[in-house]
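Pasting the structures in now, so scroll down.
The same chain A turns up in both complexes below, where it pairs with chain B and then with chain C.
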Partner chain A sequence: MAVKKNIEVIDTLQSVELGEGVEIMLRIAGPFPRALALLLDMLIIGGVMLIFTIIMVILEITSGNPYVAEGIRLIVAFFVSWGYFVYFECGRRGATVGKRALGLRVVDRSGNNASRGQIFVRNILRLVDMMPGIPGMAAGVFIGSFGLGFMCCILTKKFQRIGDLVANTVVVYTHPDYVVTGQQPNVEHPVAPTAALAREEQVAIADFYNRAGLWSEARRIELADHASELTREKGMRGMVKLLGMAKWIKERGK
Partner chain B sequence: MRLENVTAKIRPRGRWESIDLGCAMARRSYGTILMAWLITVWPLWIGGIYLMGTFMSPGAHVFFSAFWCWLTLQIAGKIPLFVMSRKLFGEEVSVFTVFKEWWTSMIFKNFWSRIIGRFSAARGLSLPVAELEGLKGHAYKSRVNLLSRNGGDGAVQAILVCWLMQLVMIASCYFFVGLVIGLYGETDVLEMITVDLNRYGDEHAGWWLLFFFYLLSVTIIEPFFIGAGFAMYVNSRTVTEGWDIELIFKRLSERLKTMYINKGPSRAGEKSSGSGLAGGEVTPSVAPALATPPSLSVSKGSPAPPTLSKAKIPPSLIVLGALLGMLAFSSPQAVAGDARVDRIMKSDDFDLNRSSSQEFESTRSSGSSSSRGSGSYSGSYSPRSSPVGNTAGLFSGVFTMLFWAAIILAVAAVIWVIYKNRKALAKGGLSSVDDDAPKVKSVMGMDVTPESLPKEIHEVARDAWLRGEHQLAMSLLYRGSISWMVNQARVPIIESDTEEDCLRRVKSIQLGADIGSYFKGVTTNWVRLAYGKKLPTDNVFMKLCDHWPFTKKKVVMNLGQNANEEGVTA
Partner chain C sequence: MKESDFEAKNTQDWRQYDMVMENLERGNHDAVDTPKVPGMVRKLCSDLSLARHRMYGSRTCENLNYRVTRGHKLVAKADGGFRDKVVKFFMADFPQAMRKEWKLLVVCWLVFLVPFFVMWMSYSYDQEWADSMLGDGAKGDLDASYGKGDDSNLSMRDEFGANFMMFGHYIHNNIGIDLLIFAGGALAGIGSLFFLAVNGLSMGASLAYVLNEGSPEKLLSFVSGHVSYELLGMVVAGMAGMRIGLAMIKPGQMSRAKALLESGKSGLPLIIGACCLTFLAAIIEGFWSAQNVSPDIKYKVGYAGWFLLALYFIFVGRGKKYAA
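Coming up: the complex of A and B.
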C-alpha cells in the first residue's frame, strides 16, 4: 500500500545561498527547453557550414586546387563548431541564438554573469557531453549523440550537464515570472484584513482578486470559503469581503 | 487527493517551467518508475512479441512487434503517472504496489481508449485527464481543450522534444555499441559482425537491434515525458481552478483557527466583521494585542468605510514583526508605529531584510543599486564573492587566461596557414601537381625509396609468396606501388598519410583507370592482411603480380602522353 512519508517539496525555483548569507532564487531551465535551444543552434551551425562548404566547393572547382580550400573549410568548421557557443555566451546576453529564442541564458551558479573562463570550460566540455559519438574529426566537426550530457542534465537537481558542473554554471530563464490575470472584479470599498498576514498570504489574496475573472461564481465562492477564518463570512458575503481585502492590500502596496 | 499534502510548489507556471517541474518530479521517482516499468511494461511487450512470433513471418514479426510496443506506450505511461501523481500528494508508492495494481486493474482500465489516445499529439496532457478524472467522450475532449488553452499549451512542443530525445538515445546506443565492440576505423571487425549476423542470424537482425534500442530509449525518456504532461495538467488546473490560492487559503484558515483557539473562547467566538490590523503577527500569545476588532460594515447595499479602533500596538511588536518578515503593510491604526518602523528599517543594519528580485540587465556593466524601502531590487548583478565563487574565481581566472591564449594561438595559426599558402592564394590556383613537391623517403614508417626495393618487384613478391612469406610478399607490392606513386608519378603523398589518404591522393591525380583500380586492389588486400590478418587467396595474389603495372613498358602503355610528361621514363 501507499505509505505517507515526509517527501521533500520540489520547485523549479531553486534557492542559492550566497556567501553573505543572502539567498537568491534562480529559475533554472530543464532539459526540454535546453534541448530545443541546442537543436536550433545546431541547425544554425549546420546552415552556416553548408553555405560555406558550397562556396568552398565552387572555389575548389574554379581554382583547381582542393587543398587550400579544404584547409580553410576545416579551420572554419572548427571555429564555427567551437566558437559559436563561446562567442555568443560570452556576449552581453549570455546566450546563443537558440537560447535567446527560448528565453534562456547561462549564468554562474550564484546568479552572476558567467565569466569568460567559465563559458570556455563549459563549452570545451561539450565534447564530453556529446559522448558517445563517432571518433575522428574527419569532417572537422565531432559527431556526437549528446547522450551523456542529456543523462547528466535530467539526473541532476539543477539540470546541469557535465560542462555546467565543472564550470559551475547553470542555465536560467530570463523572462519575468509567469503572471496570470483575468478580468478584475469591481470592488468599491477596501476592507482591512482581520488578522496579520504573511507575505505569501497577502500575495494569494491579491491574486484571488487578479484572477477572479478566470473562475465561475461558484468557484470564487468556494475559494473564498477556504479563507472564511479570515473573513468570518461564508458564501457571497465572504467572497465580497475577501475581494475588499484584496483591494485594500493592493492599494497599500502601491 | 488532499491539496495540503502536495509535495511540489504549486503556482502558475509558464510553458517550459511547468515541463521542468515534470522533469523534477520524474527525477525524484526515477528509480521506482524504472523498476516498476521493468516488471510491468516489459513483460507486456515481450509477451506480445512472443505471441506474434508464433504465427507471423520473420519480416512481419519485427514490424508488428515494433508497432505493438509503439501502440501500447500510452498504456505504459500509466506507470509513471501512477507513481508521480501519488507522490505529488504525499504518498510514497512501492514497486510492489504498482506491480499489483498493474496486473489487477490498471492494464485493463480504459485499454482501448488509451490505444486510441496514442495517436493524440497532446497525449502527455490527455493521459492525466483520462486517468485521474476518469472522463470519457465529449466531456473528455472539451476538458483537454480547456486545459490545453490554460497552461497546458506546451503539450505539442513537449512531444517534439521527446522525439528528439529518443533519437538522441537511439544514436547514443548505436555509438556506444560501436565504441565497445567495433572500435571505429576497424571496418573489418564491423564487417565480420555484419556478415556473421546475416549468415548465422536472422536477416532482420539490424531491425531487431534498432527496435531494441527504441525500447531502451523509450524506457529512459518516457517517464520524463509523462512527468512533463502531468505537470502541465497540474499547472492547467492551478490556473483554471486556483489550486495555489486554495492551498494558501486553507493553510491561512488553519493557522488562524489555531491562533483563535489559543486566544480562548471569547475571541474565538467573536463573529465581528471587524478589521483588526495587519501589523506583525508574531505568535499566538501576542495576537490578542494585535487583533483589536473595530466595527466594520460590508453590507452590500451601503458599504461603509472601516471604523478605526483606537488600538494601541506596542511598537516593539511591530518591529519584531517586521524583523520576522511578516510585516508587509500595516493598518491605519499603526501609522505611528509605521513611521518608527520606516525609520528603523532605513538603517543600514536592516539591509538583509530586503526581498530582492533579479532582472537581467541589458548591458554588461555592473554595479549595485538597491532601492531602499520599496523592497525591490532591480539592479544589475554585482560581482560578489561566495565560498563557491572563490574557488570558481580561481579557476575562472586560470581559464580566462587559457581562453585568451587559445584565441591568440588560433589567430596565429590562421595567419600561419595563410602565410604558408600565400603562393596558392596569390595565384588563385595551382596546377594539381606541384613540381617542387619534396620526395618523401618513408610513408607510414615504410621505406619507399627506389633503392630499398628490388627492380622486379612483382617477381620477387611472387617468389616470397610461394615460399610462404605472405606478409613480406604483400608488403613488397604495396611498398612498391607507393614508391612508384611518390617517385615516378609525383603523387603528393606525405609521410603522415594513411592508406586511405594515399588512395584519395592517387585518385585525385588521374593516372588512368587501370592504375587507379590496381592501386585500390593492392591497398585493400594490404590493409586486410596488415590489420585484419586476412590473407588474400593465392589466386588473388597471383593476379596482382600478373597485372603489376609499374614496369616501364606497361606504364607507357597505360598512361599515354600525360603519364610520360610526369617522368615515367625516369
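Coming up: the complex of A and C.
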C-alpha cells in the first residue's frame, strides 16, 4: 500500500506524482503478457491479410484487368502492416485487440494517454525491437523473434522496449489487481501500542493486519513473533495482541 | 475514522464519479456537468491520500488509485484540434525542424551521394562493381524499361488502372523503406547509414548501366518529375533515424534515457515529413512520370520540383507568428 520513502520497493508498481500532490501507482506489464498480446495481434493481422489477399487474387484473375485490384492489395497491405498497431493504440482504449484481451494499454510515462506522435514512433521502432528476424512484409505481418525488445524490456525498470524508450511510453494494466485477502481476522479489542511507533512501523503492522487473511494461523504466529519486543508476548497471545494494535492504529479517532 | 465509515461516507460520491468517467470515456459529454469534473478528480485525489495516510486496506487504496488514474487521463489531456496541428506541422514544425537539423541534412545527403557518384564513376573503369550490385534480374528489368529498342514496358502504363497499381506499389515499397531507414537509426545510427549508402550504390549502378547500355532519355524523363521528393524523403528519414542514433552514441549533457526520448520528439516531425514527401513522390511517379509528354516538359517539371522544395524549406515557417 503506502509508499515507503527510503526503501527501494522491488515491485512492478511505479509511482507517479500528479500535480494534485497525490501519487498514483501504475501497474507496469512485463514481457510475458505483452508477448501473448503480440502473438494474438500477429495472428489477427496474418488472418485478415490472408483472407484479403485470397479475395483480391481471385478478383485479379476473374476480372480480366488485374491492375486495380493489385494496387488496392498493395496499399491495404501497407496500411495494415504498419498501421494496425498505430490505429488501435491511438484509439480511446489505447490498446490493440491483443492488448485489450490481456487487459493492457499503452500510456505516457506520466500515466496520461500517449499522443499520436508517441504511438507512431513506438510502432515504427517495433521493427528494431523484433530483431533478429525477417523485416519482410510477407502476408502483412512482420516476423521477428523480438529478442532485442525482450532484452531491453528486462534490462529497464519499467519494462520498456527500445520503441517505448524513444517514445516515452509504458504498457500498463488497465485494472487494479486485488490481492486476495481471504477472511479478515476477527479482532475483539484494539490495543494501544506500548511504545511510540514510527510511521514505517505503523505501516508494517497495518499491512500485517491487511494481509493476515492470506496466511494460516501458524504462519501468522511465526511472523508476529518478530514483533515480540513490542508485544512482550510470544505465540498465540503475541499474535492476537499485534492484531489488536493494528486495529488500534487503523481506527484511532480522526 | 474506521475504514468502513470512510467507505460508507464516500460511496455515493465514488459511484457518481464512476458514472461520470464512464460517460466521458464513451465521449458522451452531454450527460456530464463538465465544469465539475476537475473538482471531482481533486476530491478523489484527497480521498486517496487520506486512505493511504490512514493505512486502509489494499482493496480500498487500489480502488481509489484506479479511479484517480482514470480521471487524471481525462483531466490532463491536452488535445488541440487535429486540423490545427496539421496546418501547424506544414507551415511551421517541419520546415523549422529541417533548418534546425541542417548539419544532419548535409551529412545524410553525403552518405547517399558519395556512394552514388563513386558507383556511377566506377562504371567507366570497371563494370564489374555495378554488375555485381545490380545482378542479372535488375539488369533485365532496366533493359525492359529503359533499353535501347523502341518498345518499353512503360507503355503498359497506358492500360486502365496500371498507373494506380504502380502508385500502390510505390506507397507499399518506398514509404516502407523510409520507415525502415528511420527504425534503423535505433541501432546506434548504423541502420540508417547502411540503408542510405546501399540505396546510393544501387541507384548509382542503375544510372551508370542505363547511361551506357540503354537509352538515357527514357530513364531521365521518367524519373525527373518525382526524383526530388523521393530522394529528399529518403534523406529526411535518414536524418530522423540519425537523431535517435546520435542520442545513443553521444547523449551530451543528458542521461542516455533522457537523450533518447528527446530524440524521439525531435525526430518525429522529420519522419512524418519524410513520409509526406515520399507519398507526394508516389502520386507523381504513379500518375505523371509515365505520361506520354515530351521530355522537355518533364525536365522542366523536375527542376520546378527542386526549386519549390528549396523555397519551402528556406522561407516557410519564419517570422514571429511561428516562433517556437
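What we mean here is this: the second predicted complex is superposed on the first by the 178 of 254 C-alpha atoms of A that agree within 3 Å, B and C clash if a C-alpha of one lies under 4 Å from a C-alpha of the other, contacts with A are read in each partner's own complex, and residues count from 1 in each chain.
Here is the rule we use: a contact is a pair of C-beta atoms (placed from the backbone, for glycine too) under 8 Å apart; a residue touches a chain by one contact, two chains touch by 3 or more.
This structure is a prediction, so every number in the text was calculated from the model and none was measured.
**Q** Which holds for A:A198: it touches chain B only (first), chain C only (second), both, or neither?
**A** After superposing on A, A:A198 lies in contact with chain B but is clear of chain C.
**Q** On the A-aligned overlay, A:L214 touches which partner chain: chain B = first, chain C = second, or both, or neither?
**A** After superposing on A, A:L214 lies in contact with chain B but is clear of chain C.
**Q** Considering only the touch criterion stated at the top, classify A:G111 as touching first (chain B), second (chain C), both, or neither.
**A** In the superposition, A:G111 touches chain B and chain C alike.
**Q** One more residue to check, A:G133. First (chain B), second (chain C), both or neither?
**A** A:G133 contacts chain B only, not chain C.
**Q** Based on the superposed arrangement, let me know which partner A:R92 touches: chain B (first), chain C (second), both, or neither?
**A** In the superposition, A:R92 contacts both chain B and chain C.
**Q** Identify the partner contact of A:K250: answer first if only chain B is touched, second if only chain C is, both if each is, neither if none is.
**A** In the superposition, A:K250 touches chain C alone.
**Q** Under the stated touch criterion, which partner chain does A:K241 make contact with: chain B (first), chain C (second), both, or neither?
**A** Touch status of A:K241: first partner only.
**Q** Examine A:L18 and indicate which partner it touches, taking first as chain B and second as chain C; both and neither are also allowed.
**A** The answer is both, since A:L18 touches chain B and chain C.
**Q** Using the touch criterion from the header, give the chain among chain B and chain C with more contacted residues in chain A.
**A** Between chain B and chain C, the winner on chain A residue contacts is B.
**Q** Could you tell me which stretches of chain A are touched by chain B in one complex and by chain C in the other?
**A** The answer is residues 1-3, 18-22, 24, 65-68, 71-72, 75, 92, 110-113, 117-118, 120-121, 135, 168, 175-176, 178-179, 202, 207, 249, 253 of chain A.
**Q** Residues of chain A touching chain B in their complex?
**A** Chain A reaches chain B through residues 1-5, 7-13, 18-22, 24, 27-33, 35-36, 39, 62-68, 71-72, 75, 79, 86, 92-94, 102-103, 105, 108-113, 115-118, 120-121, 132-136, 144-148, 150-151, 154-155, 157, 159, 168, 173-176, 178-180, 188-189, 191-202, 204, 207-208, 211, 214-215, 219, 223-224, 226-233, 237, 240-241, 244, 249, 252-253.
**Q** Which of the residues in chain A come into contact with chain C in the complex?
**A** The contact residues of chain A facing chain C are 1-3, 18-22, 24-26, 65-68, 70-75, 77-78, 82, 92, 107, 110-113, 117-118, 120-121, 124-128, 131, 135, 137, 162-163, 165-168, 175-179, 181, 202-203, 206-207, 210, 249-251, 253-254.
**Q** Show me the residue ranges of chain C that touch chain A in the complex, using the header's touch definition.
**A** That would be residues 1-3, 25, 27, 41-42, 45-46, 48-49, 52-59, 61-63, 65-66, 68-69, 72-73, 76-77, 159-162, 164-169, 171-172, 175-176, 179-180, 182-184, 186-187, 191, 244, 257, 260-261, 263-265, 267-268, 271-272 of chain C.
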